[in-house]
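What follows is a pair of complexes built around chain A, which joins chain B in one and chain C in the other.
Up next is the complex of A and B:
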């Protein structure tokens, strides 16, 4: 395999860095424009408009003061690199966002991604599943999320999630416990930690996995940025597992993005009385999410076709299962404790004596009935 | 000639000061002992006589000796009357004896034939009773002087022989006497002893945020706890660590507990006060008497009382005999246990946190959620087993947790390199703060912990917030909670609030309390400051 190199020009990279600082993440007009025309063109256009005073003062100011070179240097000093389309590290999975329908006025391919951590983004998400859910998860949800993530990790699949309390962190922990690759997508700058209580977790992921954000370093996590962020979690993964989500959970937004990308949405059920599972149940009932109960089932759904097939669960076969209906009827007529004549059995079964005798012989051979002195009884009660 | 000495008679944990009056008169030469004495006291006549003679005092052999133990209606038992009887006889027979030296003094001790003093159980509660009745000086066997000295406002004289007591009373030079054996020998073996418990720390426990938090709440409010789960899931591991989450006993509490242990004769010689809450874990094959108290001869406190102010752990709870389980209702509800036996009615304190543990079935392999469990019990046996748990006891348990064995992958997920496992000391600090809040709130009340607050008082003076109260009532109206259950949930909600430092429990605290009672999983967000939930920044 030949060493790939980035096809991105320095001008383009700097333009995109500037735009990333100027624009709100996932702003659909801008992401579409940049996707079609390139960052340099769009930035040039914006600068021209600013000069013509055709833009609002706010935006014009931000364009004027943008210093992408310094921006990238500052980011680098915090261990954050800027990855743009055309870079070898850019994951093709995000291309799907070009056509995915916009949600909450967010959408499109990101202008660039700020990454912190040793993993290569494209390699990390080549086989990746999003495991998401409610911040107000129960210990049940936490345990299930962790177990699913651990199974994925053992198969070298990457777990993609946010970094919130609840399911997000349980998923990361499950994967990290297996030393599996994990990617945390943040709504704030990749250099920041939100929630702050998760600083050690986020820094640890940045040490062994990857912390990714569409927002420039230093940016604060705002409500709208979480919605844009959810699109990335979906976009970077081959499918999304929702473990626990109340009816109005952000995890359902991620599920919508996944559905919009045409990728499998999976849901882990909980007790029907549990509020944190209600959103998942709706997802399964009304929005065709696939019900999954384990990491193996998740892999079966998202893995390459036929690679992770699970055997159909079935009860072990018992001798009784091989009988035909007449034989079964005769067997039911044979008493358990007291041996009787075959005529009596025929009467009870309501089957002709000759056919009953035939059946009894088969049953005897199968070890289901005992025959002695012309009398028949069942061998042992079925358990 | 009449002389009066004092000693103490115990009925359960209640002590009565008994006057021992001796009269010497002319008449038929005999020694009469009156005042409902039991055999061990009747025998005191012979012990005392020999002890007196062998201590080179003179026994009034030519007089009629009447020994009265009063109040006369109180049944009296125990060999510790010896000292008081012997001194009274000697005082009565000696015209020079300074009788005023006997006023305000109590004598506690058994005598040997050669006039030495032997240790007796219950010196501490006896001294406490004596002090409460205005006695200012007590004479006790020397090894037990430390025990008696725990009581404030009493001068304690540790003595070795009858001769020493007499010398102290008459102001003579105190003679030498051989040392007195302590009451209980030193234990030959220690295996599951206190030392082991001290080494147990919550930081040994990986994960289980749910159960850990349940333990913390239980410790904060003194709530009774049930841990169920398959074999090897860590029930015992958790239960043994609860006592480490409890703060040290305060002065009054420690005196109470030490007194109970003094009654049971389990205090070591030269014992200092017990300041750590006790942990008792009787086996299910232990006798009814051993667990509840009683016994032939002297009534002794059982394990429920020895666990007073600490933790009583009943492992494999459904295997305990049904009558023992039934009898546990009283201490669970009232914090004390009464033993009625023959003429004796003894009441011992039993305010322990009860921790029950049980397997999901007799063989311990059953798992309600896992389809591939290895249980060999069958549905009928399982139902029988479960029925032993349910019923009157279940309704009195505040917190129930299902403890699941951690799989390897779960353990790893909760023990990442940056995780700091919480130590018992850290949790104990929070529990102590929560208990301090309770103490301040219940200032002037006879109870200190949430678990002991009576239901009416709770509703009247310490209700939940209005919306939370409405929710609780709704649960009762819907039949999802008994009245008693509602009171218990209410108390647990207070403990949750106390841990969080809140002024009053609201809907969230109630939700946690309901989940704890119903054994449903907790919300991760309601479990504060656990590494698996929020990683504490830096280290304290």
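Up next is the complex of A and C:
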């Protein structure tokens, strides 16, 4: 733990734990209310409404039976801690999450996050990039996601993803392969594993990195929990890389959250014949995403200004670049597939015959022209 | 021939034919002078300078021996005609070509164009798109270039390219396969073939389309003739599609001419692991090119405003879209991989148990939930 101390009262923490169990992740009205009034006030209000029978029976029932202290103890027994705003671990990056009901069904600053793993959440996401994409990824997409994650990890950037099949798991594994930090944000409880086939991957991440969920422990994944989760992946990252995404894809939902936060959305292109790349191509076409081809280009886009500036892609120096102007003029006058006399070359170049001959000798030595039977020609067009 | 009549005098045509033989294609000073003063004036001036021994011996020699009448006759015997500004066939699209010495070694409106083939140049390029790219194309790039050209051809658009190996030839063949118009712009004389392996392709295009060159008949290809040729491909087209291009590529030269003309540059992405796509990715990254994935998207970019507007890429309708709000809310509350009782679903959804059961039956019929032993679960996450 950091030397700083949490400013959160026990009452507030317990109220938020209760609310986290009562309400669905990213409930727009509730997250807004808690963000503005605090968890204790909102919970008290709900309890009053329940007593007045102003709430549905089920909700009232859930409020009545909530036992946040036991909840936190049970979570702790599974290695899960509950992090709330005001805790030293709470990442300020999340404060940008607001509700946008016209855009998203979910929204708002989370009431709290259930975390499992040795990393401190705020430190882990200080320099973090989301790498997300299709669950039906191709071998190509998986390889590129892994490569990008590995480059990020080598530069000590955290790779945030959703532990799903396909791109997500390649991203986590790419980071883990470099012993880099990685954060898996789940739609189910942080103590569970979805997909279940990724139980060992998720437990491994919980052992060296961090598993995070807005849903209370034990929760199963549902569609709205996935939508709420996507906004968290965006919120915890400085930018989002979409590696492969079909036209309708959760990764595009994450991308739109990232754009809403004013952070860079990046897309990795692929063959236009590959359906899993279609969503990414659409993003780039619409100028909603920057095309990236490598981890270095990702770092250039998300890193502190100027820190990861890539050298301008330089054209390789060619033998032609080392010639003087006369030699270049002569070279330009040597035909490509028809051998001619030096006198004809001199004429085309508009350069005296003697100087043309001198230049041809240099060009021949440089391997730029071929000479046989008194005739000269170039090897290959360069343009 | 059109019913309109050429406004070009015989003197002017002969002067331009002489200049076309004397000077290299796209010579910036000369094209500028001829564009402003006319060919006859410029040739007369050069002849005076030659008589005054103010020109180099070779150039003076070439001016003295020029025989444009014989030149035109010899060209005609090979099926090649010389088209100059003022001819009915002259395409106005070329008038935008100006010299930009800081950008290009070549430039200006051509002195004249040597044409071989049945199409009228102005009509052929009224609706034309350049499809260009790497000579070292991949199978993928060739296939995509051919597909794009075929779509253009089916809409009666002309495919302009350079008849080179790789992308160029795939583009021509894609158009020819649809019996569509295609124009090959060469760096050698219009009577010749470069690469020589494309002799039959080029002759075939001359039989049904058009082979065009700024270089006089008989000329061999040289580097500067390739550069001059690239500007013509851009000048004759409403936009340029780059399919594959390494970082240093003539196709990028064509793209920069297209951009200079204020016409759309389009790029087809490919795997980031493929070197021939690197130049295209760079163009798109720099926002110098629009990402395109199909001939339809190309037409949308170059066609008359609104004519080829593509429908917004629509997400396929899913069973979920046909549900009413209550049914959706219930569906969202059904866990994904864990089967639960309907009462638990009702609680999560916040909907009365009886109504939840009704909704579950509908969802079950729609194949959205699985029901066994009194427990319910969803099939797959949709996000």
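Here is the rule we go by: the second predicted complex is superposed on the first by the 310 of 383 C-alpha atoms of A that agree within 3 Å, B and C clash if a C-alpha of one lies under 4 Å from a C-alpha of the other, contacts with A are read in each partner's own complex, and residues count from 1 in each chain.
The criterion applied here is as follows: contacts are C-beta pairs under 8 Å (C-beta built on N, C-alpha and C of every residue); 3 or more make two chains touch, one makes a residue touch a chain.
This is a predicted model, so every value here is computed, not measured.
**Student:** Give the label of whichever partner, chain B or chain C, reaches more residues of chain A.
**Tutor:** C
**Student:** Touch test for A:47: chain B only (first), chain C only (second), both, or neither?
**Tutor:** Touch partners of A:47: none, neither chain B nor chain C.
**Student:** Considering only the touch criterion stated at the top, classify A:196 as touching first (chain B), second (chain C), both, or neither.
**Tutor:** The answer is both, since A:196 touches chain B and chain C.
**Student:** For A:276 in the superposed arrangement: first (chain B), second (chain C), both or neither?
**Tutor:** A:276 contacts chain B only, not chain C.
**Student:** Please indicate which partner A:176 is in contact with in the superposed arrangement: first for chain B, second for chain C, both, or neither.
**Tutor:** In the superposition, A:176 touches chain B alone.
**Student:** Touch check for A:150: first (chain B), second (chain C), both, or neither?
**Tutor:** first
**Student:** Under the stated touch criterion, which partner chain does A:165 make contact with: chain B (first), chain C (second), both, or neither?
**Tutor:** Only chain B; A:165 stays clear of chain C.
**Student:** So in the superposed three-chain picture, is A:59 touching just chain B, just chain C, both, or none of them (first/second/both/neither)?
**Tutor:** second
**Student:** Should A:140 be classified as contacting the first partner (chain B), the second (chain C), both, or neither?
**Tutor:** Once the two structures are laid over each other on A, A:140 reaches both partners.
**Student:** Can you list the residues of chain A that meet both chain B and chain C?
**Tutor:** In the superposed arrangement, which is not itself an observed complex, chain A uses residues 140, 143, 195-196 for both chain B and chain C.
**Student:** Write out the stretch or stretches of chain A touching chain B in their complex.
**Tutor:** So the residues of chain A touching chain B come out as 135-143, 146-147, 149-150, 165-166, 169-170, 173-174, 176-178, 195-201, 203-204, 274, 276.
**Student:** Within their complex, state which residues of chain C touch chain A.
**Tutor:** 24, 56, 58-59, 61-62, 140, 143-144, 187, 194-196, 220-224, 226-227, 230, 247-250, 253, 268-273, 277-278, 281-282, 284-285, 287, 290-294, 297, 313, 315-316, 318, 331-338, 340, 346-348, 350, 378, 381-383
**Student:** For chain B, which residues are in contact with chain A within the complex?
**Tutor:** Residues 209-210, 404, 407, 409-419, 520-525, 527, 532-537.
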